[in-house]
């Protein structure tokens, strides 16, 4: 049952750890987390080129209503990222440059939303990163209750207040607050492994060899057939 | 009943007013119009970064057919923006660089379409702004009649010939020709209000206080709960 | 019946011809081919601004599985473009910067996929063009067989191994290997025609006149009506 | 500028004419209207098998809010059909069995909405036809103003209060109040023509002959080629 | 971090309570839960006309892979409903008549899935209700691990093993195991209230009066305007 | 290069074999074909409950134009199924009851289209099965050339003239003409295997055992964990 609450005083993931994690980027963090936490291909940056990490302040709004975003601003601290969902699908521009200005004063680093944003030219000029499902100039009202800092679900992943958020051109990933240090270690290990693979691939090594996939293909009965034989056999 | 007509000699909104209006941007104009006129989140710029205003020349095409765009070019005057719809949904690239070249000669400032465009690299190089629902290289025929300069509906909003169009990274808004001067005054007032709010938010004021939302939250029975109490109570 | 094969030794379209063709861009090549070969508006560049041509190495993957992309890398030669499809719709990031590194070593020029890619910031930094239906950080497994270098269908068009691929901001077009030289000649003719039309439009000529459309409009009974008469008649 | 109004005392199309028109069905009425008035493929019946006609009472709601539907009920008269739009896209179940019960008391014949409905089993049991874009159990609030009986746009078509609505398994068509008697005559003529064509087709006549299309194909240079010649030529 | 586990011995909500709850239907249960728990408009019955309740056995599959559904069957008990999600969006027919046969032996009452089903004619003939996002004949492999009976998120709602599921023509709602008895009481109260409203509406009472909305309209400055005055004022 | 041709005298798959194949249904035929040939989840029956087989007559239309369907009617023979595609996505109702009447005279068994149909109530009353991507009353013109009986691609699958088509509530599958007898044998084998599995599942056997999946789970390191241990460990 959705309680209409603003939860205050939420603990956050350690910001130093979050920053270290963010440097690895969304795809590596997602891999490091055992391929969990990705908020899905529906949440995209409006402008490509940013990479940001922070701690989640979550918001649940009614569609067409941004009242609870205003309530959430007060709960924000430096290093936070606002994570907004609506109770049902909607595209309205519930967030724009004025809210970003208020958030910036509080040291907030960006916005993630399952809904829409507007003033995207101004947000870009401010260098305020937004990751969203839609851009829409359509305005919202401030008439319906919702919640701040309760757990929300986006793309099948749960985001709790204080969880680590990493966002870049690949989208957005969440790391539960309690899992951040483990994720950091795993991301480092993953990045090391990727670095080694990158070097190998630059030298011409094949994934088939590096990952031992030739035997997998053989087990799966994938045949190698010459073009001319294949043509003769017909598809 | 759709008449297959090209309506000539349409009056336009005053171009000076339109230009003044365009400077405020789509979101502010939409707000100034009492939150009407927005053509919806489905019409997007191909390239971010432009803001343009002009007077509408409207076109109704058959899907897969751009005959009536050619008829419309002749009706265009400096300051116009071409607004194209199709009688049913379609993505074909009914508009490209050659048509843009013809329009530019006539002083046309941009294109808005519920369909598709192509040659988008060339259009960008020409600095010709396009706002569309799709990019598609698929060509069209010139075989089916339609109309020019009749009222059309996009995203639930009516666009008539000569109406003011403002388009930027937030999408497209229409202002009826007869409402332009009123919209301009309202946009100025809105922008003044936004400027004051922006200054306040930069100083750290909260929307909760500025917009009197604390009492709204209280009336709606939104509770403030400490994190630990919330955890104990369970969701 | 899908055979789980890797077809080797496929002939390619002549790379010199492919390069010459690519210079015309997607829209012109599609026109030159009698308006065929366009892979549809669903395949888009992640970053605008590139134009690339090459010869297809085709891949069929299971959704959520990139095993066969690894098998395909080995089959690639300088001038190739990897063309990936999945047996059913999916968005997972089956391709990223490490695979691009391996492909670059082989002289591969880009990727076209009906699925998703990740590491898009890194791919952009590498200047490796990708044309795809989705961006997703979601990782894939390497557990299910598929095929390399068999004919595949994208957007209603067939792509065979060695066919010419041209991709730019308008999307992707395929030219069958056997049709490349004919397409090249047709593209040149088309470009010449477009150049003449462009010059004419720059001088103010109308498409109505240049393409003989006034008689088409007349045959189709499109009427020219003055604004005031139209208003009086009602819509 | 959207005025927050309830417009009262709207004239309606003649119900006898509307009933006569409805008997022809959506596709025939749309044809009779010169292929205008169709609200598009996005508005569908939840249950197939009904055909209904009536006069429009229009409603504009905020997404997630059904306040104005309640205001609209009072404006309904026997023979009306409620036509609901939202100011931006939304799927919430703003309409259900209780509202249908209130409407039925007033003699209302059905609902058309660009949003969502719920209680669809109960609505079916009541034999209350609904044509909608979504089914959703998600409830709505009653907090935001809107309008009743102002002109609205759906699928590019304008619907005014008192206009004739015809809905069946093919979707929904609107006929402007002033055009109903003309549409009725045209629909009769169209139906007569269709009846003759149906009889001809039952006897084995071809559309190619009946509609004179053989010469169209010839003019368009469509060739007839034997299968074996086509195979030899290659595609 | 997704653990590849099959969680055994999960407690279930009381089946008597679940059955009592299901009788109220999805919309009423959703309302009784404070408008939470609805899995969204994307999960629909293939065939209209069923209403079913049960306790959730949750499954997480890889796209294109139904291995974990087979693992889940063994964990099922009479009264269960299988709730399947995939780690990323997909439409493949991971579930069909054979799996339904196995589930029926165990007394399972239905299937809810964010993916696809097949054999839908056979499932209907068996009277086995399925609620899904897609129908697809495309087969799946059994090659990738996942999880059974871990919490999953669908449409922004969390579904845990043993939670109550209610599904009908309006879609699917989840009630947390610990909330079932409270929800049952609330649903009864809601149904009583609805019954009284239904009776009132049948007598001709208006929602405007019953819900006290006239004063809401007045506060929101909604005006009542006669048709002719509105026409004169212009829109 | 799309040739504007009507290919005549196409050989068909043996209708007796096609009928035998159709009896197995779409999912079984798709499996028997090595999981190929499925036209995807986007092509659906308007009315559930039919199963039909026949030989393909293929049609390529321009969006919004049904000229070539008329040309195709003449090419149809008893046992055929019309398979319509458009050169770009479109929803218009290019097919309705009159065309179905003409087809029925020729013994045609149904329609498959990537576009839209109309008169769906009448088509249902005629018991003429249609499988389509959209229902739309929007009419089409007869102005643009296309092709009949050339190979077309739908959902990544190629459909040639004379190929076998099987369609039911699971969608549509194509079997190449040359593969029909092989597919028939494979479908019989598949159906036998399914029959045995069905019997086993009815007796309570598990897929885990029947398909040897316990060892797969073990190899993939899927653990079995008791609910209480899982809860203690945390997710």
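Letters A, B, C, D, E and F name the chains as they come in the text, with residue numbers starting at 1 for each one.
Methods note: contacts are C-beta pairs under 8 Å (C-beta built on N, C-alpha and C of every residue); 3 or more make two chains touch, one makes a residue touch a chain.
Predicted model only: the values in this text are computed from it and were never measured.
Separation of subunit B from subunit D in touch steps, taking the shortest path, is 1.
Against reference pair B-D, the listed pairs C-F, D-E or C-E yield one interface repeat, C-F (criterion: more than half of contact pairs the same by residue number). Centre-to-centre spacing of subunit D and subunit F amounts to 29 Å, using the average Cα coordinate of each chain. Mean C-alpha position of subunit A lies 41 Å from that of subunit D.
Residue positions 1, 3, 35, 40-41, 87-89, 91, 136, 138, 143-144, 151 of subunit C each touch two or more of the other chains. Residue ranges of subunit B in contact with subunit A, taken from their complex: 25-27, 30-31, 35, 38, 40-41, 44, 48-49, 51, 168-171, 173, 194, 197-198, 201-208, 211, 213, 216-217, 220-228, 230, 235. Looking at the complex, you find that subunit A touches subunit B at residues 1, 3-11, 46-47, 67-68, 70-71, 73-74, 91, 93, 96-99, 101-102, 105-106, 116, 118-122, 124, 134-139, 142-146, 149-151, 161. Within the complex formed with subunit B, the residues of subunit F that make contact are 62-65, 87-92, 136, 138, 141, 143-144.
Partner subunit F is touched in their complex by these residues of subunit C: 1-3, 33-36, 40-41, 85, 87-89, 114, 151-154, 156-158, 179, 182.
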